[in-house]
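Reading through the structure tokens given below for one structure.
Here the chain labels run A, B, C, D, E and F in written order, and each chain numbers its own residues starting at 1.
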């Protein structure tokens, strides 16, 4: 009998695949969901995207707000999404650490496991961009 | 050193196994838990089952209530359980989409990742019943 | 020195004022918020209203979904809002009790205090409509 | 026009009334709810009460577990209920402080306002029992 | 028999008192809690304060992060605390609206009632500073 | 195309690896996070550890408080951490069941899937210590 265990960790060949797998799954399922043409769902998702556009607050600040909210609500996939956006906006690792610190204090020690997973995803994003800029 | 990553996705040979694996794990661990004969736990679980029985509200409505509650509380396994029940009660995909829409609006964008996973499980349920009715 | 205490209960002359006060405050503050013309907020609120419109699921079912979601998320004002809508859709008290039961089982004993407050609001809605239909 | 403000604090003549008002409201609404004879609700509430009875863990430990759970879930009325029970079980203020500390660390700074309200209720319980034992 | 109703609204003579009452209660209860000299609690609260100090992110950004986190976690008192800090940091009302919009989308319609109460508190802060600067 | 499914279960060769993998991942990512020398994060984590030290409440009671809090907040990794500590403190399986019962009643049926995963981790801890004491 296979021992099915309740674990959220699995083995991936490279760090890079975390970013790729997350994006691939997210896009594929979004397509399937939107194919059913539910108008409310469609409008909500498009509204969600538009909320982070440049306004009186810039995109970078808004993505930080999205990230910290996702952390205190402990939504790993939301965290990954906003980490990707924050990375694209040029957030630095020391800045990220200050967001982690606020999320941990506001949301408590239950945020710690999500912080570990966020760190791993951030490192994958950093590795990916290091490799891209090194000409690979 | 194996790269253990914090990912909730793993590779399964077929869509069908999502439904099977979920049910198998759920039943196996329930048996182990109930073996310890804690009376409160036992009564709570049996009470939980009875709450969805036909009353002044029918089972179909009650399963929809269970599903939307599980979605806004972002409990993937609870969502899977109620998706199975809703499917058995003949819920249609357009009806499901309207439940998804309400869950997304009430619970916010943090419900989106759970909606994607719910969609995948629903498709597996649909595929399974299509195959069953096609004579396999 | 006045003894300011952290209590959510205050004295109101009549039950009727619960419904009136809730609606008055809600509408007044909505007007003030929308006056600032934030486009995302405006669209989100209008989208939220449209999600409960008749679709493949009827309004009555959708309002029940809104109510149970609000209960498990323990949002008293959201509960009051959907209780008002459910009452207008003709939900009966025994049906309400079954929604309360599911909300209590899914969300646990922390839902109980919100159930008490929901009951009080529901009774105020019932009293109000009894008085209205008796010719006052 | 009356200025209705969204405040959870109101003025009470004495600290003692916090305890009395809480108990009075709780009992009154429980009676009204149970009058509707919903069997699931009735059984859930009775099961909830029985969970804190002496078992392999004593009542005192169980009430501490109920209190800390209520604090991290930020349910003021649940906190008040378990504070009353913990007080009856002879919990000391330094013990209470250690429960507060764990609740604050696990649940984060959002637990702080609930800790303030818990402190006020605890002081009311202490004052009440001091007065009772002083012969009043 | 007094009609004790489960309402979070009470009547205050002036808007100004919202800010004053909040600060007064908060400070008074903090003093009482810290008087018990629980070292963990003391260190947690002091750590919480230090997290919002100028770092690689400025205080203004950090207070916005604290505000949005408090909104999605639906902690009214935490929202009030950070609104006070954001106001002191010169946050403008259109900026506040964009924070409200993100909080509403991330956390869903259950954040709306907290947004209304946040608006009322913000207006009280604005009125207070208008009066102060007008020479009162 | 690989079928990436949203499942939290994966196949592990032995039960023992659940405990090992959890600890290995946790320690490795903690090291990476703390390497960035964010002072607030560092102090919060050290404070979190110190909260469970012997005080007026003993370590065993405190670990039970940490466990039940983690369960009602539905944080699987936090549950695993405190299960490890409770096991080291000599908690018995019948005592664990009573903690499970309270967590289920306070937090509702959404706690059930976390209870199943907790049970599996507990059995792995039990197996591991049985093997250790049998001279392996």
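Criterion: a residue touches a chain if its C-beta (ideal position, glycine included) is under 8 Å from a C-beta of that chain, and two chains touch if they have at least 3 such contacts.
From a predicted model like this one, the values you see are computed outputs, not experimental measurements.
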item: Chains touching both chain B and chain E; value: A, C, D, F
item: Neighbouring chains common to chain B and chain D, by label; value: A, C, E, F
item: Selected interface, E-F versus A-F, where C-beta contact pairs are more numerous; value: A-F
item: Same-residue or different-residue interface between chain D and chain E, half as cut-off; value: different
item: Chain C-chain D separation of Cα centroids, rounded to whole Å; value: 24
item: Between chain A and chain E, centroid-to-centroid distance (C-alpha), Å; value: 28
item: Interface hub residues of chain A, defined as touching at least two other chains; value: 4, 6, 8-10, 21, 25, 40, 44, 47-48, 51, 70, 72-73, 78, 94, 98, 101, 104-107, 109-110, 116-117, 120
item: Chain-level touch network, classified as line, ring, star, complete or other; value: complete
item: Chain A-facing residues of chain D, complex; value: 72, 104-111
item: Of all residues in chain D, those that touch chain F in their complex; value: 47-48, 51-52, 55-57, 61-62, 64-66, 68-70, 72-73, 78, 92, 94-95, 98-99, 101-103, 105-107
item: Complex contact set, residues of chain B against chain D; value: 40, 43-44, 47, 50-51
item: In the complex with chain E, residue positions of chain D that touch it; value: 2-10, 21, 24-25, 28, 74, 93-94, 97-98, 100-101, 104-105, 109-110, 112-113, 115-117, 119-120, 123
item: Residues of chain B that touch chain F when the two form their complex; value: 4, 6, 8-15, 17-18, 21-22, 25-26, 29-30, 32-33, 36, 38, 40-41, 44-45, 48, 70, 73, 75-78, 116-117, 120-121
